[in-house]
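In the two complexes that follow, subunit A is the common piece, with subunit B as its partner first and subunit C second.
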Partner chain A sequence: MVLASTHPSSLRAARRLLELPPAVRRSFWSTASAAAIERKPEIFDLVCVGGGPAGLSLVSALRSDPATKGLKIALVDGQDLTTSRTPGNEGFSNRCSSLTPASLHFLKEIGAWNNVNNIRTQPYHGMEVWDGVSGSKISFDPVDQTPGLLDSLAELVPGSRFAASKRKYETGDPTTVATICENGNLTAALLQQLKESGGVEILDKTKVESINLGPEPENEEALDLSQWPVLTLPNNRQLAARLLVGADGANSPVRQFADIPSHGWDYGQNGVVATLQLDRSFTADEIRTAYQRFLPTGPIALLPLPGNRASLVWSTTAPFATKLKQLSPPDFIAMVNAAFRLLPIDIDFMLTHHESVSPASELAWRETSTNSKSLGLLNTFPRVAEVQEGSVASFPLRMRHADTYTGHRVALIGDAAHTVHPLAGQGLNLGLADSESLVKSIAYGMETGMDIGSCWCLDGYNADRWAKNNAMLGVVDKLQKLYSVGSGPVVWGRSLGLDLVNKMGPLKGALMGAAAGTK
Partner chain B sequence: MAPVRPQSFLSLPAPLRRAVASYSLARAAYAPPLANSTSIRAHSTESSPHNGHAGSSVNETEVSHFNTLASSWWDPHGSSRLLHLMNQHRHPFINRCLSTAPPLPPNHKRKYLDIGCGGGIFAESAARLATTQSVTAVDPTPEVIAVAKRHQRTDPLLMEPGRLTYHNIPIEALPLPTTPADGFDIVSLFEVIEHIQQPAPFLRSILQHLKPGGWLIGSTIARTGTSWFTTKFMAEEVLQMVPRGTHEWSQYIQPHELKSWAAKQPDLEGWQTMGVVYVPGFGWKEVDGSESWGNYFFGVRKKSLEE
Partner chain C sequence: MASTLSAQRTGAALHKLLRLPPPLRQRTFSVLNRPQPNYPGHVPLNFIERGALAIGSAFGSLIDPYRHDLIASLGEATAKPYFVTRLRHAMISHPTGRRILRDKPRITSKSLSLEKLRQLPENTVGRAYAAWLDSEGVTPDTRDPVRYIDDPEEAYVMQRYREIHDFIHAITGLPIIIEGELAVKAFEFANTVLPMTGLSLAAIVRLKPMERKRFFEVYGPWAMANGLKAEEMLNVYWEEELETDADELRARLGIEMPPNLREIRKKLRDQKRAEKIAREGEK
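The block that comes next holds the complex of A and B.
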């Protein structure tokens, strides 16, 4: 068996074996094969596949809860998980997320937020969202609230949803809508905390070769792992998991092992991300705003980072995304500025003919002949000055939702359970909320003596998260579809919608509450 | 006694089944279960008064009932679902009882005796707790013990030597502790006492397994108009979820009857009770005062030696 292997290290071992005297060789051989037969999988209470924010936060939270602290846990990831971070205020990663106050609260509670490099995070305090076609806008400005018709109605109906949402909005933290944090900064902080607290076997650079059900029991009295997931790792290491958590992304092998279907569709869009520099710098205590403009080809968002930096998330058609990635830095900057400041038809023209026209000069003359006010552009909107070298990247946009998040000895969290359009910046927040909820279910299971891989323990998690995520996925998907229309009644209707929403404090509060993930 | 149809019986939630299973005697005669020693019930869980063997609480008819239930014991959508859901309330209740007495020494690990353990729902859960030293679980029905043992093998933790031991015996066959300190910290009796025809001597005898300062914990259902309505009238007559004549409503015990029995025992103290109500789509919910008309937990402590 060993000799038949073509793995270089096995060959080396085999050669070394052949150099030994025959008697010694034989004894080596027999112990080796005996070990192979007797090898039983190592038993873990929880094996988490995937060391992204969802998986790491799950494991960190389990370590910080007294009820679950004693669990034997392994975390497996194919990549090199590192705690090293870009120091100081150097170049920013293009992979950033808006952490809602609820996510932040969870991260603080499990003690991970202390390890985040805070000078590289940026809270923002308002959101300006406008329709690229009609110019109608909605400003999620927590300080400014104009009482509207529904306000008065809400007050007349005690206990109405409007009244409730208004209260929630008003009692919530009025200063921070969300905090931008590089994903790498967050995962490094979570990992650092795990390494400091110890007690978790972190198997990074380790690819899961296969997941199977355990062996049939040897006899009628023996331990029966035949319904346990067993992971096979390199070097024939095998881990049996009382609970296998799939935090392994959109193409989750754990989900495939559990045979849980996932449904959804591709938007035919790509998300183009980049780290930008603005024409002005902000101090740490300045009020910051996030901007999002809905274009028929997809929304474009500018999220504030410390100083003069900003993070771009531009959802657009796949051909446009390809072109954007090919542009020279000056042309890319001109296109981004154009995307916030020009008519959709100008933007389409510039992207279609970028080889024959210079985006910078096109922007210069087109902007002077554009009535920016009618497009809903704010006076305070900053101008993009530079793009950080090598930071432009793109990824396809999808919407996927698993039919269930749990199976026997399996739970899915994060992107393995759901993939959402980035327009509301919810992907990572949903994953963190999954972790928080699953830890609650596991802790309750531990306190009442449940098998944490059984449905009795996991049902609570599925019941808590599935419907909430489905609602969020639905809202985001509908928003995406609504704003993909370029003209006609839908545009008038949605402008009316946005204008109305903007005049309705409570509804806005509800939308913001959802966007900010308050509970 | 009406014949029991196994299929329809299996489709019932466990507490109902249990209630259904003990109906037939109600027609024969009624005497409050703990009232006096002249109760017609033998010291046995039998529905039929003829076939109990002396010195055992085992009832052959009940044993065969639970045989037919065995296969579905661990099926999450099977007939034992309500029992699984109720199990979550047992540990908090035990902790609540223990918190009323002087605290146990730190790192004290509890020894449990689970009487009428069935497929092991409570026994397994108790054995998994970090505060547990050992669980001894007994049940007279061979098939449910076989189910319990088979299920135990699917959890390596429960296979640790001494952590969880099943015995297919009536409780009378379990040796008594040689010294008081060898007794159990907790003796549990979940959904069992309504199957016992002479509860008073039965309870008296199992107290011998408790260590001084230990707790007798159990759950059962009150004998009231509500329980008659839900388990007999609705389940048997209206919905016909269960065969007519499966409940033994007269064997249900009132919490005040148990309490006054406990008060008469010189070695017991600290009566605790908690009522729970099943809310469809939600699970069991603690409802203050419901112990007097529905499912309830009880707990009573054996006095410490110095007291």
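The block that comes next holds the complex of A and C.
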């Protein structure tokens, strides 16, 4: 997904300085490299750079839509996309995503979900989110608990439809909040789908060497590619794209080519991921719950995987993340258990003084003197028993949003367009929604006879997605900031707010709907 | 028939209206329905009882400052919310404080052998403590157990505060006469921010004008400056510092020795007596 064609910034700056003005550059290129480019660039309707879930789903969706089925498509990725999947349910990847019902609907629609190895995915039906400082919490529980104070008051109002609207999401079949799926599983399924349908040139293990505008036409009759992006691949192969799609990750070379600035900030946090084993095993049809606790250093989440497995996403400060990765497996397990159970200051202490104290013994004695119920811990919360060997990894967390998703003959989707904090598990879902929307725009363009690389065709995509993504990015970013506060009035305010929302069924239902991406 | 049904329905509705909502119903806490104690000796109190205890013990201890049981209750009734939690958190995030919470040591005449302390070299903390206990005629056993704080660990923090109080007397050399006690309480207020220590300062009104002037000019400023500057007194493992040199410990904690109150008072007393004798001689 990440292309290796990122140059050191100094080199880039120097090159930019030495570059000729575009008009001259073009003529210079066309004359100087006329010998080098003996072949004319191959012309594609759509070239997608990046074979991650966003890019692959875009191409799959284009193949499945009758309006866009005829497009000549190439997919370029620097990595080997054909890595084999792990069969059965032994050993899970630490890179998992929770797919919302909207994303799942899209994947089912394009037919890719049939290829996903289902015994390695896990839907979950409930969600418990609590404040690590005050212990106030919000629970999205399919099997409802005792009614809250506001519920009881509202039920007293004659003719109130409060209860009915609440039941709508709380009763009936246990509705799926989201489905956890390994990124590798999804990618493999999409790839299989593409191979089965054919018609797409998949160029993996192929590094994009450069992206430039095409040469000036040599004469009046020749095809004018001067406004087309032309990708140079190894072996002097050149692809000209009517529409170039950048699905090439956070450091997108396509975005750099299109000169679209991307703004945002680094959180100074790292996401520590790991695959864990719990102390109890779940059968496939049991109701599962995802847990997230907001600590002032960042949220920690435990997402269910099949059987007794679970996926951990722990956002924490960069020094703490480094320490967590250095811990021995028993210490790491103790730290994870502690992070869900003890006071935030205990966790800070254990990670600051990890050389002198043993996390396991600290956890043992602190647990007896901590009232974990007042910290919001549920009785049903599982205990982490083991960590899968070699599965602890970390990545820096940042927020980035491109100023626009489209340029002339360029569109950005997925992480190339936006990077989001993982606390709401929305990153991949936004990427899938992007490709769904872009496919819609392209299909509309095809049906109405537009040039699919033109702004007329692409503007619909930008208009549809940018504001929505910006809202989601903003909400997630504000939540991160709100929950980074460790004490004082902010904590009281947010706890009161969370407790109130927790007691208001319909509002909770609406929130759930927003998070699930239902329209 | 219809009317009885509707009457029944209204009755049910009325009943529903008058009934407390379920979450409140569970929480009701009255004289008849008391929760289980969280630790031996714990007396759970509700908001009103706690308030009454705070006000009652505040007035009681103002009337009779030697009622240490009332001062203790005042301390417990006003420690929540925030204050004792803050102290507990300060202890949890300090290596020594954390060790104290883990070991939960108690300071009694059984855990500390006064005989042994008296044998320690001159100017050690233990010797100063023993000497202070001897000169004031008190023992470590005169401390009441904590009863009104709900969390067991916070109750221990309060207990610990109460037990190290004498150590603070010992290393500052302040006596337990009201003036010295007030200086220590002011020091503790600046150091621990427990409301009871601050409320105790109301006893300033009981001081003689001369003493009050001395408090505002000498001991009050000393207490504030040193209490804020010094490390948390609760994070000192006093049992391990018994053989430490008192000056060294004071330097490590950042406490300056206050002027010796007993000496000042003695000097003033002698001066007054001399003046009196001189006046009588003139007659």
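Everything that follows uses one rule, which is that the second predicted complex is superposed on the first by the 447 of 519 C-alpha atoms of A that agree within 3 Å, B and C clash if a C-alpha of one lies under 4 Å from a C-alpha of the other, contacts with A are read in each partner's own complex, and residues count from 1 in each chain.
Here is the rule we go by: a contact is a pair of C-beta atoms (placed from the backbone, for glycine too) under 8 Å apart; a residue touches a chain by one contact, two chains touch by 3 or more.
The model shown is predicted, which means the values in this text are computed figures rather than measured ones.
Chemist: Applying the touch criterion given at the start, work out whether A:D224 contacts subunit B, subunit C, both or neither, answering first, second, both or neither.
Modeler: A:D224 sits against subunit B, while subunit C stays out of touch.
Chemist: Thinking of the overlay built on chain A, is A:F395 touched by subunit B (first), by subunit C (second), by both, or by neither?
Modeler: A:F395 contacts neither subunit B nor subunit C.
Chemist: Contacts for A:F349 in the overlay, against subunit B (first) and subunit C (second): which applies, first, second, both or neither?
Modeler: second
Chemist: Have a look at where A:S369 lands relative to subunit B and subunit C in the superposition and call it first, second, both or neither.
Modeler: After superposition on chain A, A:S369 lies in contact with subunit C alone.
Chemist: A:W456 in the overlay: touching subunit B, subunit C, both, or neither? Say first, second, both or neither.
Modeler: Only subunit B; A:W456 stays clear of subunit C.
Chemist: Can you check the complex and tell me which residues of subunit B touch subunit A?
Modeler: 76, 84-85, 87-88, 90-92, 124-130, 150, 153-156, 159
Chemist: In the complex of these two chains, what residues of subunit A are touching subunit B?
Modeler: Going by the criterion above, the answer is residues 43, 70, 217, 221-225, 227-228, 242, 444, 447-451, 454-456.
Chemist: Where on subunit C is subunit A touching in the complex?
Modeler: Listed in rising order, the residues of subunit C that touch subunit A are 16-17, 21-24, 89, 92-93, 95, 98, 101-102, 151-153.
Chemist: Quick check on the complex: what are the subunit A residues that touch subunit C?
Modeler: By the definition above, subunit A touches subunit C via 146-149, 152-153, 156, 343, 345-346, 348-349, 353, 356, 365, 369-371.
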